[in-house]
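Chains: A, B, C, D and E, in written order; residue numbering restarts at 1 for each.
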Amino acid sequence: MKIGVFICYCGENIGRTVDCAAVAKATAMLPGVAHSEDYKYMCSDPGQNLIKQAILDKKLDAIVVGSCSPHMHEKTFRKAAAAAGVNPYMVEIVNLREHCSWIHDDIPSATKKAIDLMRIAIEKVKRNDPLTPIRVPVTKRALVIGGGISGIQAALDVANAGYEVVLVEKEPSIGGHMSQLSETFPTLDCSQCILTPRMVEVYQHPKIKLYAYSEVSNVEGFIGNFSVTIRRKARGVRDEVCTGCGLCVQKCPIKKAQNSFEEGMAIRPAMYVPFPQAVPNIPVIDREVCTYYKNGKCQMCKKVCGRDAIDFEQQDTFVTEAIGAIIVATGYKLYTIDKKPENSLIKGYGEYGYGMYKDVVNGLQFERIASASGPTNGEILRPSDKSEPKKIVFIQCVGSRDEAKGFTYCSKICCMYTAKHAMLYKHKVHDGEAYVFYMDIRSGGKMYEEFVRRAIEEDGVKYIRGRVSKIYEDDGKLVVKGEDTIAGMPVTINADMVVLATAMIAQSEAPQLAQMLGVPYDTYGFLQEVHPKLRPVETSTGGIFLAGACHSPRDIPECVAMASAAAAKTMVLFGSDMLEREPVVAKVHADTCAGCFYCQKVCAYSAIERKEIRNRQGELIKTIAYVNEGLCQGCGTCNATCPSKSVELIGFNDEQIFNEILALDEVF
Amino acid sequence: MNFINDDIFMAEEKFEPKITCFVCNWCTYTGADLAGTSRLKQQTNARLIRVPCTGRIDPVFIIKAFESGADGVLVSGCHPADCHYNTGNYHARRRWIFFRELLKQVGIPESRLHFSWVSASEGKKWVDVVNGVIDTVRKEGPFEDYHKVNTEFAFPEPEEAVCS
Amino acid sequence: MQAMKQFITTDEKLRQLVHALSKNAWNIISAGKEGTNFIYINDGKDLVINADSKPTKLSAKEFFFPKTEPLFFYKKNHDGVDLLDPKDVLRKTVLFGVKPCDAAAVPVMGKVFNWDYKDEFFNRRVEQTVIIGMACSYSDVYCFCTSTGLSPESSKGSDVFLKPAQNSSYIAEAVTPKGEAFVVEFSSFFDAANENDVKLLLNSPKGPEKKFDANQVKQWLDGHFEDPLWNEVGETCLGCAQCAFTCPTCHCFDIVDESCGYNCGRRVKNWDGCQFGLFTKHASGHNPRGHQPERYRQRISHKFKYYQDKFGEILCTGCGRCTRGCPVGIDIAEIAQEINKRNSVLV
Amino acid sequence: MQELIQAAQAALTSKEAAFIIGYALTPDGKKTRPFIARTPDEAAKLVFNHTCAHNLAVYLTRIAKPKEGKMGIVAKGCDTRAIVALIQENKITRDQVYIIGVNCSGVTADVTLPFGADNLPSKCIMCQVQVPPVSDVLVGTAAPYDKPKDAVTERMQLLEAMNEHERFAFWASEFEKCIKCYACRQTCPMCYCEQCIVDKTVPRWIESSASLRGNFSWNMIRAFHLAGRCIGCGECERACPMDIPLMLLNRKMGMVAMQQFNYRHGVNPEEPTLVGSYNMQDNNEFFK
Amino acid sequence: MENIYKPELVEILDVIDETPDIITFKLKFKDPEYHKEFNFLAGQFAEYSVFGEGECTFCIASSPTRPDFLECSFKAAGKVTNAMRRLQTGDTMGLRGPYGNYFPVEEMKGKSVVFIAGGIGLAPVRCVIWNVLDLRDQFKDVTIVYGARSVADLVYKRELEEWKQMPSVKTVVTVDPGGETPDWNGEIGFVPSIVEKVAPNAENTVAVICGPPIMIKYTMPVLEKLGFKEENVITTLENRMKCGVGKCGRCNVGNVYVCKDGPVFTYKQLKELPEEY
């Protein structure tokens, strides 16, 4: 092997403390080095030409450049080498600037260190393999999981760019939480009014394939090449013939099912459409309550349906879709506080009487109460006796920012929606009194602070800084006992109704979904981005992006922005036909692998698969590990874990590192 | 190697520890880059070997480093929960929990093997860690115990051997 | 009457001899105090001369054929490679109290190290070493020297051979010219023995019972390369090769390169064993002896047939070490016995 | 004894097991050694007594898995830990083995000496599983026996009391003896790699020569590869012809597993292995 | 002290890529005196060293009739061979030998010879081929049958052409069905069937055969059918060996040491050996 060594002075930057000429001279003596020279600016055009010329003149197979950090110019020198016909992976960069000249003063010892560092790299490059980047084709179809506003936005953006989108929503209709909201801060426009047209657009978009009432049941493959299996839950209604006339819903005799869209504050039939604007507008049978499923009787819906769309025997079906990128937009849920959540350290807020007193409601319930299409047609009436509450108390931070009983994080939107709620209340109940217990007001955002101030100053909402310790019922009133920390005295309010701004928390199935996708999640179950600042919508698994509240509590504008960002990332991926990746991936030596699968256990990317080795007769000889190059990210954890050293990381393999260490076996 | 100033080798009389460092590419190596860009001065005894992730660092690397004459070894990577590869450092940490105890059991003192988490932004911390390790090992002196293990492998002095 | 020259010495004198030797820069080796292994000593009081002692764990072969021996050193430089012979550190050496089963192994192994090409590493060590053998009165269920043509009093391989006599004295025979020269050089510790002295000799130790007839074993082996026996005896072998490593006659080795530092290193000869699966594995993956029973067959055949065919010696001295140490109790003498039995059925 | 033979014969006759790995007497009748019975007749040779110290689980990964039937094995309580550990590590599945559990009353450390309190291996002194916790059929009786102080524990304490240099010197003198025969590895039920790291030539991390340097790295890495995996059967130490106290290393690793992770390998086949899993709360104190 | 394990230094004069994983080295001893005195016979092998990696065994692929340099052809199979692959013209290696026995070229004189080789098996045969060709008039008919899995796997492509051009030699080159390229003009088929077609009369003919075990297995019956006597069929064995001089104890087949008593064996000898190769 013929190695070329190039030492850069980096102007004065290296040359000042490292005797570059001496380094070049010393390395020239090392076995394998066929050429060695120093130059003022290696990365400059003349410097690069020098390298190219030396490669051609001396027929070099590999080069080592002593310059700045590889994070700076590795690409530059690889390109230069490639231009002269040397494989770009036969290039090693030695960090003589950041790791030597800039941090030392003493020329002799810095020079000596520089030689050592060069020797390490020379020994490594001798064992480098000429590699080619891994190229994989890209399937230009996106999967969006979750049809809330985030999912809708992402799907529309990708579809409008001309790529096919598969949208999977677990509920019978898309829309998510936004469809439940009354009016939205800070402009107080009607949530349904702005959302419905987008839902319809999704439904009618030729590039969007909508699977509502469906769930992702399996994900295989890797960036650009996922294979996704979707479970389509049986509605009991054949969607291909149903016209959405709603006759069955009207005639269904079982009327008393809990209406979850109305957050339990209304009832609905066993055959139902979650809400009038639902997309798709196809009813679903609630098998839990339908008498036919319980005791085989009724079939009223079947009788009335003019299209014979009712199919009681309908089973879940599975479809598999080829997908190139996945956008996760599964949103959030609200913290239920009446009882201690299962398997949780969280204590809950039993003392607030939620679940015990009908007139203690959560934010979403209040949204429904305030909504013109809600159970009270937009009149503010308390749930217990449908009377107008004259005194209403809002409590913020129920579960948020509370290490003892809830979560340490801030749910971010409660300050805003509480102000909105109080304002809506005041607009509708002019003589009512609204109190808000808060810890502090977080209203960062365009027009947000103004919004809160409006609630206080124009609408006369009374803000009390402090915590509520207890709520109990006394003589038809809710006695709210709390502390005004500014006044420094206890307060007691005899309220008619209490609204709790409970924390936004992760969907309960989020961890399972994350595991299926191979995406990390935080301790709360929110999905994790790769880099909080620079790569906020990407996950550590290539080709999987995040949008909306599944990542952390967010309001609608943020969700939409994030969804568009995820869509943009998807489109970047779809912009090329082939994906190119660094060929730093692990590889298993089949003959020595013992099949202990410790490598599989430590791989964070599920890149290690099991492969059966069979003889000519087809008999199983052994099962060994096998690396899926598409998934492997090249961390090398498997390599270090494997007891028999049967899996090795190409580019940082055992032989390379062994010889790097050995290169130091000389007096420093 | 007499092409550079002989003084360098003369100065060798005073004990200067050899420190081999295994650092991950994303956090510590970059942290060390930052130390460089910030011109934070360090002693010259450390030699870095860059690997993608602390998860890649096998205990045999450390043994080989001692065999190759290191007086001290430093292993450094991303802070827990910051691993570029999600969990590589967790697996590595578990490995070291055992390996440290094993080394202690065979009489390799803790002062010879150091661990740190240094993020890409902790240039200053890197300098403190490196200097700290170098100072500790310098105080301990040469790793005579292990060097003795290596003596059998010493390349014979020309005069001792019958040259062919 | 005696062809060999006989001398008399005493425990005390031997200890003084150690002192004298050490002053003259000899290496002195004797079984350690616990008797488990041979060690280097410098002081007469560390000398263990004990006819009753159990054989050491490792045989004496390590002093002629060390477990690891550098063959040469190399240093790569920019223009090529320099080779250096290993440092010549051999000193005159004396091995005290070697049992007949250990001593006899030296000339046996000498055959393979000297046919055609001569392994001077081995020869040099043998040349430099005076083996003071000693009659053995130890015997346990594992010993079977009498079945391999030796006896507790066989002086094969020894340069000087000691037999215990009364009053802590020993009758020493100079078996080889080297031995004789040694006795002459250190004559102050050896007096010529007269007939009366010889009468002081203790009764000859009985030695283990003869367990098998090695010739018959060979006869059977000649015709039974394929035989169910091999599976029976080899199936439970774990292939640990401790049998080969502790054996005084097993001489297989591996050659590997090892680094001594940056771009320099040494090539060494290391003990190896035919019970290892990798021993014969080709680079292509093919393995002529791919299974443990086949490897076990090689072990027995090599010892009792191949070596005899080639060099006229059995490659076993009956020390019993392999069996004593085998973690799964595989017993070479028992297998030879079994073969004997099968052979007599045949005849 | 009859019970064992019957159980074995029944398993072979019913084809429940294709063979039984068990113990048989040596011809002198004084000791036992591993024996593989393939027919009911051969099974009549099976025995179990105080000399059955071997951990036969090692054969489960050395012998080709039969196509019909399971691998039958005679296992003491301590041996079943190895079997469970092998299940945990994907080497075998529970339905590939037919376990004839034997209630055990202790085995000898030195087979040539009579059984008794002064001839007990460490594993018997520390034993808590005289009755095998898993088995398909259980035979024999577990009689109580006197348990003296454990020598390994005592040596551990001695070692702990030493300073670093003394400890290093202690191990240097022990490892010096190692002849690289790999008996420790071959007898270990958990050492099942087809190619051991010492046999790997590219690169040769651990020198195969029996020089102190290679011996140090070999013995350290062997112990490390078994950290959190060693089931404490002591076979390695028993097999070592040079009497190197390998259990002082293995025991230490076991203690770390116990103290820091409250984990014992080979107890619960469902439990994730220590190596290969992690906990965010793992000890972080030694990191600067 | 004479050190039988210490190699002599050789310099690589040339590196020839035969196939993607087979390479030929042209070597010359660094010490010209030694080179002059170095003698070997066709079929002998040597131990080649890459310092720091180890040693491995190859037959000497060049002919003793061409003493200017030595050649070996090797397949990258493991530690040393892969290290050799990285070496280049001008690099230094070690070599000790020649070892082992050799082809009975003297006895073959006056007879016809058929060379049958497959894959890299041509390497050990090539030295005899050149040996015979360089003394062409001392032999009767010379036939060469060489086969490989595919065109890319054929070694010594230039020499194959050279032999084909020689009127005094019948050279047949074949590739396995499916291994041919569009412009392949040689035979297509397995070696045994080609041998059956082109082999000369067995009378007074010696067959030298080398190649993968499977090829040998199927060619032997063909040769038997053609009337070749077992003692006139010659092949080589390749057991793993370390020392090459009958000490290290691993190359034995029964009581025969391949390194000393081989590697060249007649089929008759092989049949008498236990099957351990």
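In this text, contacts are C-beta pairs under 8 Å (C-beta built on N, C-alpha and C of every residue); 3 or more make two chains touch, one makes a residue touch a chain.
Worth saying up front: this structure is predicted, and the values here are computed from it rather than measured.
**Student:** Quick one: point me to the chain whose Cα centre is farthest from that of chain C.
**Tutor:** A
**Student:** Between B-D and A-D, which chain pair is linked by the larger number of C-beta contacts?
**Tutor:** If we tally the contacting C-beta pairs, B-D comes out ahead.
**Student:** In whole angstrom, how far does the Cα centroid of chain D sit from the Cα centroid of chain E?
**Tutor:** Using C-alpha averages as centres, the distance is 48 Å.
**Student:** From the C-alpha centre of chain A to that of chain C, how far is it in Å?
**Tutor:** Once rounded, the distance between the two centres reads 70 Å.
**Student:** Distance between chain A and chain B based on Cα centroids, please, to the nearest Å.
**Tutor:** Using C-alpha averages as centres, the distance is 37 Å.
**Student:** Which residues belonging to chain C are in contact with no fewer than two other chains?
**Tutor:** 72, 76, 83, 85, 88, 254, 256, 258-259, 261, 263, 265
**Student:** Name the residues of chain B that each touch 2 or more other chains.
**Tutor:** Only 64, 67-69, 87, 91, 95, 153, 162, 164 qualify.
**Student:** For chain A, which residues are shared contacts with two or more other chains?
**Tutor:** Residues 29, 591, 602, 641, 654, 658, 662, 664-666.
**Student:** Enumerate the contact residues on chain B facing chain C in the complex.
**Tutor:** 68-69, 153-156, 158, 160-164
**Student:** Please output the residues of chain A touching chain D within their complex, sorted ascending.
**Tutor:** Within the complex, chain A touches chain D at residues 591-598, 601-602, 619, 623, 641, 643-646, 654-655, 658-659.
**Student:** Touching residues of chain D toward chain A in the complex: what are they?
**Tutor:** 67, 89-91, 192-197, 200, 202-203, 205, 225, 272-273, 275-277
**Student:** Any idea which chain A residues touch chain C in the complex?
**Tutor:** Residues of chain A touching chain C: 28-31, 33, 119, 591, 662-666.
**Student:** Quick one: which bits of chain C touch chain D in the complex? Just the residue numbers, please.
**Tutor:** 36-37, 57-58, 67-68, 140-141, 235-236, 238-242, 244-246, 254, 256, 258, 268, 270-271, 273, 276, 278, 292, 325, 327-331, 334
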